[in-house]
């Protein structure tokens, strides 16, 4: 049996992390959490999470940044907002998950080849360049970059789409795609993307 | 500046530190130094606790030693300690109204963080009071008589206890209850925590005592319609609803109920929260007081159509207690004080669709569960599912609707204990597995923690987590036909699905739906949540802002039976103190008319809500009856010739205050 | 009744049957939908979750383009578009930092965003603007005896919902009743379908889908009605994979607007009804 | 007073039963609000003589807040309705005198609304900050000087204090 110390020292904390999250729009409710677990109980994905949403909130509030950013919880959030609606303290739990996701992306604290993060990257890239999403192309990219086995397993899906006339290979693109790219670049320069 | 009687002004100024409460934000020494420079101030001190005995003693000695003729104290709210300091001033030999108070705690130190600004504000307020007090004149209080009779509104355990206490002290009490019987929620309980003594055994003797007491006039099925007057002298109109049964003739034999043309009970029975049925003519519950039946006009065929065989009349025979002609009555009574004990309502869990109340028949409220395990309940005390079977697994969902920003933000204080009580009874009687889902177990008070211990020892399972959802969607064979609770077991650190037969929602307390109406009638205030507001949360917990009106029990906020009874006793004691004092000193803030200035325009006459202003048609002047004046000052502000003054709030006094607050930048 | 129409990427791709049924049904009900010219992707929750500032730019551009064409609410049929556009609107109203950021980007394209247009779901429009009575009048082929499970998905009613309850919405139930269908009591009506997780983390995402299908079947539904292209795709697209993992749960999943079209007497082809993986047999049989 | 460190000064007249008590509650709840307010306690908002308001402005207040019980809740039955009537009249008078009506405000605040006290005071202080100093004493002094000069020129008797005039406006 390999033993590891589970104790946390104060030096393991990133002091001010919790407060920095609580300052973001929609995350103001963070300090009022009473750790009742409604969010975890309500969450349809919580059964797969390494940390329950409640625990993530607890870690963020206690400034355990590394732990909060490296869990799979933030990536498994499917944005269904069930927790936000049910929270007795009206905490924007989904927003807090978003904030952590943004922070994790910025600090590259997610597993390499993690499909959710790759989907996020490919998705934003396609929108930025083309203005629209061509779902079938996006999914193909995702499978190629993240998990080629899944791509093989899903060959039937492609066939089905072709059969039902929904398989699009021509990339959709808006006329103002260049203009849109400039607009989006505008915010990058100032670093005011709303991300923490 | 000179005082009216030509004595030079000698003002003593005191600024209180209130420990750190004031001194932590306001520089008290600086305020005292500043005040010392103001006109008329001969003595200026700062002191740690002005309201303490040494603080009061200081005022007394200074008045004597320094020949003070005015006193100003800058400390907390005058609503809290004005009386204290006036008494100290009087003890020093001065007229108590040659005093003014400055509120630098509630209105300054506690609400500001900028120390310089708060100190400036304290100086400005002090300057205002010093200017104002110079204008004060000696005043005398008048004493209003107190009518010795008391009205108690609400016949739950609080109202019952208050009424009995007063009646035992020899006072005449009117007890008015909205329902056809007294008893309130407590009558619906099986046992009471933490002692698990039988609720009926301790309540029904008190109910009977009310009925038998010669000093109590009990009016059930009645409501307070109107209150006029003021402390010591209230005129109350009570609406006595038609019961269609002569209460004093009915002996409670219930032969009429037996004889009713409805052979089977058909209508939801309120006492059993709809879990059983009753007829249009019914006894509210077996131990009801008064023991008199009542007819529901919405259900009775005779009252609805006039075409009934009236078998009830035959059954009642020569007692003639049933009276279809009975009409609602308005009765006027005179009392000197009132105790409001109107209780609470339960949260309606239909507002939480994810808990499935109203959708799944085996999702119940704690009160419904209470009736099911009560031997006087619809199942004779057998806990049964909708299907008639006995449950093998029961869950209690705590904080259903409580501690939730979307429903009720408050903790109802009793639900943890109430649920643990039901859990223990279920464990004892049925052996079913009982799980309690909780956020925090709140078992304070005498015997509370021991009660929690007992529940644990009895094998009640505790899962720390607020239930997210109750559903009937099975994901495994074990879940088939069950109610499934989805919850995070926060101590075990995992999400669980727990199949149960019965789910009991521990619903909290809410203010009565008509609380606002009652508040208006009684001229009280409500907290933001809708509970009746006490005058001071600690120092005057059963008084209200209206003198002579007291509150007791859950209408003031959620509480358990011992606390309700304690409060009811306290309210009764307050009323007794008022009555036995024989009278009440009235603040001498009445208005008066200077006859030579009155132009006789009569514009004040109609403004007065107390009809205190009379017009003398011969002299063509108005005059104010000080005994009737309540001191609002509406007439003073309205008088076009400036001929009306108000003691304690003279125009000149207010002008000095205005000038004072603006004098310091 | 005139509205700006924001179809979103899905209605041009995987969810084209939604558009194919929405447009003729709305036209029949006298609702004019004017597609916003050169609209761009709303960004979906993916963009919102990773770059809120730019997600608001995406939303604001669409709304500004709509504004150029005059007054009127925006209709967004995809739940994710509906949520994202509304969220962008909300962020723009609440946060001055985001507003400044967006204004700078908008200036780049000579666009102005006033925030005056409401973004609405077609279900809201159907129930509150068109009205159940008008829907009932168009029914020529009542869906009598067809047992339908109304599935709203999550993002049509959460986190803010202006037109229905967030946990137990009933507006689609009302529309289905107006069509003559029998509405099955379906407590999972707002439970998440798995969203994009069916693609990224299939073992987790597909289980959500499976539970939804299974429960609808258990409650006797013959068809599930949806109002979101991603919900429809997730519930319809993985029957084989689900069958392999947990056993077959075969129940067709169609758009509410397809059911309306059938009830209005329209041809299945014209409603995209043949684009389902699992053919909507009970419906095809009716028309 | 130099323009750059000017702070609004607001005089408040609160009825003892509702608004004054609510302000006490704000204190007990430790709510924080702007320190620019000076509260004067009266038994009823119906006691607020329009003269009080004018006097406050004439003595240098930048704004006046009147607080009373909600309609229907007056401790004295309906004193607050009289306040409302006078308040509307007062706003018109001030408007006619070229003083922004926003400088005076009437609010119904019940004894339980401590949070509302905070909100109203902060909001009023902010609005007055935007309006800037009223400086009625300064303006009246300038006016006096001017009138005094012309009176001298016309050999009229000395002009009375303008603050006294303001009271006349109400009593006339």
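The letters A, B, C and D name the chains in turn, as written, and every chain counts its residues from 1.
By definition in this document, a contact is a pair of C-beta atoms (placed from the backbone, for glycine too) under 8 Å apart; a residue touches a chain by one contact, two chains touch by 3 or more.
Source: prediction; values computed, not measured.
With centres computed from Cα atoms alone, the innermost chain of the structure is B. Between A-B and A-C, more contacting C-beta pairs join the chains of A-C. If each chain is reduced to the centroid of its CA atoms, chain A and chain B end up 50 Å from each other.
Separating the centre of chain A from that of chain C, both taken as means of CA atoms, is a distance of 22 Å. Once the centre of each chain is set as its mean CA position, chain A and chain D turn out to be 54 Å apart.
Centres computed as Cα averages put chain C at a distance of 55 Å from chain D.
Looking at chain D, one finds that none of its residues touch two or more other chains.
Counting partners per residue, chain A has 86 as the residues that reach two or more other chains.
In chain C, the residues touching two or more other chains are 167. The chain pairs satisfying the stated touch condition come to A-B, A-C, B-C, B-D. Contact residues on chain B toward chain D in their complex (touch as defined above): 77-80, 103, 105-108, 110-114, 117-118, 120-121, 124-125, 128, 520, 523, 525-528, 533, 537, 545-546, 589, 607, 609, 630-634, 636-638, 640, 642, 646, 649, 651, 654-655, 657-659, 661-662, 665.
Contacts from chain C toward chain B in the complex involve residues 165, 167-168, 187-188, 211, 215, 218. In the complex of the two chains, the chain B residues touching chain A come out as 354, 399, 403-406, 439-440, 464-469, 486-490, 493-495.
Listed in rising order, the residues of chain D touching chain B in the complex are 1, 9, 11, 16-18, 20-21, 23-24, 26-28, 30-33, 35, 38-44, 46-52, 55-56, 59-61, 72-73, 75-79, 82, 86, 110-113, 115, 118, 171. By the touch criterion stated above, chain C contacts chain A in their complex at residues 9-10, 12-14, 16, 38-41, 43-54, 56-58, 61, 91, 94-95, 97-98, 100-101, 104-106, 108-109, 154-155, 158-159, 166-167, 190-192, 194-197, 199-202, 204-205, 208, 237, 240, 274-277.
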